[in-house]
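For reference, the structures are reproduced in the following blocks.
Presented sequentially are two complexes of chain A, the first with chain B as partner and the second with chain C.
== the complex of A and B ==
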């Protein structure tokens, strides 16, 4: 009997010791194992100090959907980034906490591992970790004091456990890392276009016509017609380019006297005035309205802009200014001058970029509603 | 005793080997630094400071970049070809330079440097990511053609009239091979750097002189592209 008691006591000590050790040790998070990316998306880089792990993703997903992140506990990231709308909010500009509206339209969050590694329309964040904390603390977006947020998270046993398992302590840095991990895993690669690229689906004749136009810069000298999309939107990712600042452009929305600063506000270079981030066109059919200020309500409006509504300014892309499908000189308008059939073909192709599996993937959904 | 003598002999052999080897270089580090110029001066971006070589008006450059590929180095009969050798040279930095460093060229020295301006036909027809080749980059083009090899973009100003300049030169037949003999003393230092001038003026005024008003853009017209390829074939020279 004494022996049994001794053994039980020893076992109890061991369990207590293990629990203590488990609470204090450096967390051993589980690498995301089944993570794969389409070959055609090309290279990507995950910061070595923030590897993709299941625990970080689970924590990031909870944080993303939790209004605790805002000062008034009513606004979460998901308020303006709705999964069914490819993580946009369907508004030209999102509402501001003070009652007005924000400066820019909410950006879609998809395939952020690829393409331009600067975030926000004006590129002011150079990593997703840096980006993640900015809206939380912005007085008009989520209006949260970061120290107050840490105290709120620390008071929750669930969050303490999730932070411990993913990173260790509840800190602003780890909050940013978790949100960045969730955003990095928002991968859209099951659209009809992806299936076409993998040889699993055929495009209709109209979609294929649109694809060809998307990929071509027009050249009247050799009778090549084109929609010129590829000059800014890479052919497989359909996002802006990754190298340096290649993923920013002035696409002819405003004249010089009202041209917003855009990227120039970040770089200080006057050659960047009016440059905005070239967004991914993945799921573009569900992310209306369009442009950094949401000025165009439909894809038809966007195509009309590029077809004959280009506004000339000093930093306008010469590729846009020069791209014209008509051989004779234009009279008073600047644009692609395509036929209505060609415009409809490009719009049909853009619809092949809609990825229903992405828009409804339960892994990306609100963990506080039912499943987790 | 015999064992100790034997060990000493082996030690002496090893020491001797290292002494011999240290005096003899088996590999050569080399850095190729390309300096973007317009004529004799470093290239200036975004300012109307250059004269249209074949006509009226001034032009500015907003972008200049090109692919340099299949870099190979030769010493006498021996040569070394850099694997996956696809470099995108761009000069939008403070020094207007671009450097390629090969830390360990497996040659005792280098007397000849060879490369292509452009991309070889096999890589040009592939969407595989190799070196700086990236089918999701700005250099990707129309896949019936391949990559853009050389990109120059800007604007021409005539009076108050500003018009776009777009020169995208590709097509496999327009890759141009370039070869330089290095002077014998250039690689004697421990960290040898070879300087080359990339003169953008030659792109417009080399074998042929371009009037930007008459030829404001070159894209898919093969005859126009060949004219510019013959010009860029001579735009790189050794600097001393």
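== the complex of A and C ==
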């Protein structure tokens, strides 16, 4: 009996010691195993104070899918960012907590590692870390008090451990860092077009026609027909433009009298009125409806806008204004004036940007539904 | 427990190093980083390698190798790097085991570029890869590669036509002089390659052993049929008493500049000349070849490469080691656009980029054949023309030609330099 008690006491001491050590030890910064990113996507930089680690990714993934982040514990980031829809929600505008709808359509999340210096449709955040906390605290999005959230996370042994392993303490800053890391790791590089670039797939004749149109600015002087897409969507494989305000444009949706502020709301510069973020086109076929306000339901609608529906305003992109495949046919309208076959070719090309492996990657899925 | 803490320390340290340092490295400007092929020197016990090197004189890391993959198993090195239109990186090779390769590039968790390896491609026996270009035949894009040795023999040489997606051989264009009959078009020791519309031109340079034979002609290939259709002799002076050995070639064409009248420009390695062959696109006929630059008259020798920016054409002359510059719009005539850029003996490949402060720069690889030095009793030395192995990359202000910095690859890394290319894709607008 005495031996049993001694053994139990020793075991108790060991457990207590381990728990004490586990509470006080430093984070375990494990670099992401086997990390590799496509060279052709270009240079990227991770903030030195928030390196990519396995622990930060695991924590960020849990937080992303956990409704604990919202005030009513019913809304998670994933509510409006659904993996199967390339982390959009299929709605023109997401519903707000107050029963209405939000100002903007939920943005697709993919390849955020590359470049961007401005986030949201109107560029109101200057880093992923800054961006991460804004929806949480927005009264119409997740309606959470940040101090209350910290208390809830601190009360969870699982989260205490995950924070400790990733960063140390449970803090708003570390919450933002973890969410940013999860989003940075949402790398999509297995679309048909990616495989084409690597020599692993061929485009059909229609897709190849669309690729060439996508890449070309029309020039009637040399009989070059083009869809003019690349002029704004040069970073279409990733999400970003390295230079702070590059990648924002007025693409001719509204006249001056109803033109929303867009980027001007952030910069105060009237020249930025009506400017919105040029989004990634990766997985564009699954992210309908389109534009910052989700006004177009299909890619055909989008192409119809660019083909013959451009609305002229003071800040309209000059690259859009003067891109015309048939200026002689102009009858008071502005647009590309491509043929139906050319439009379908561009749409076929856009479908090659769908990355099914990304949309179903278990690493990016809800960890509370059996994912690891 | 001590072991665990020790392990933790290692993990944390490694993590901090990887996570803390790599992002800093990744923020280096890649525009000024070069891809180089380095040749191991037998007497210095070094291996061939592919490497990324910093070339901005304003960087504290100037001349530093940032990433490197060695090829200790290869007797002869990879030879010449090219980016495909889709950004895939290829290299020709001198070793029969790897005459053509695709080089892998990726990025680590800090964003830094990494050479991830290379795959040797099946060339169906074609050896000693030299130049690559991508061109269309009947509306389909292919990768064309010149193989100096072809499938072997004293008068070998071939142009390999590869599927641009799968890298599989589609056709081997061969026409041995000894087999085609008197006066019929042949391909022999092809090296330089260029194309315009449906006409491709390759040079006839020298047998890979540098002694069996030397060429003196260009071969025109019909891109519709992928067959040679004409030879054009480009030989006049023989300062070395060798055949002229045309080496690099550029089909000057209107898509380089609308003012350009189409014509072939060819440099003769042993004739020291630049030749012009006018082309009439409407009749698809070539005019009379003429010398438009004489190395003998201008005291230069071994003209090699053509590289073009948006407004200038640059031609390297291995001796005395200069790069001459010309007005691109005036092509095919060579109208000087400024004084020579004085590099080092062996002036050869070049790239164009900007410094961190925005200065326009040119970096020049100063090595021909890139072999060892006889002074080192290096068995790879072939001293048929003395002093062409400076083993340097010199970096100059593009506007003034002023030399800003030099890295001596042999002194610093015990290797020769085989080729220089930009990391971010072609550091030039026109090459072939």
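Throughout what follows, the second predicted complex is superposed on the first by the 340 of 372 C-alpha atoms of A that agree within 3 Å, B and C clash if a C-alpha of one lies under 4 Å from a C-alpha of the other, contacts with A are read in each partner's own complex, and residues count from 1 in each chain.
Just so we're on the same page, a residue touches a chain if its C-beta (ideal position, glycine included) is under 8 Å from a C-beta of that chain, and two chains touch if they have at least 3 such contacts.
Treat the numbers as computed from the prediction; the structure is a model and nothing was measured.
In the three-chain model built by superposing on chain A, chain B clashes with chain C.
When the two structures are aligned on the shared chain, A:199 is found in touch with chain C, with no touch to chain B. Touch criterion not met for A:4: it reaches neither chain B nor chain C. When the two complexes are overlaid on their common chain A, residue A:329 makes contact with neither chain B nor chain C. Once the two complexes are overlaid on the shared chain, A:271 sits against chain B while remaining clear of chain C.
Contacts of A:38 after superposition on the shared chain: chain C is touched, whereas chain B is not.
In the superposition on chain A, A:30 contacts chain C only, with no contact to chain B.
By the touch criterion defined above, A:53 reaches chain C but does not reach chain B. Residue overlap on chain A between its contacts with chain B in one complex and with chain C in the other: 40-41, 43. Interface residues of chain A facing chain C in the complex, by the touch rule stated above, are 25-32, 35-41, 43-48, 51-53, 113, 196-199, 201-202.
The touching residues of chain A, when paired with chain B in their complex, are 40-43, 114-115, 215-217, 219, 221-222, 224, 230-231, 234-237, 239, 241-244, 246, 270-271, 314, 318-319, 321-322.
Considering their complex, residues 45-46, 62, 88, 90, 92, 127, 129, 134-138, 140-143, 153-155, 162-166, 168, 216-217, 219-221, 224 of chain B touch chain A.
Contact residues of chain C toward chain A in the complex are 8, 11-12, 14-16, 18-20, 22-24, 26-27, 30, 86-88, 102, 105-111, 113, 116, 164-167.
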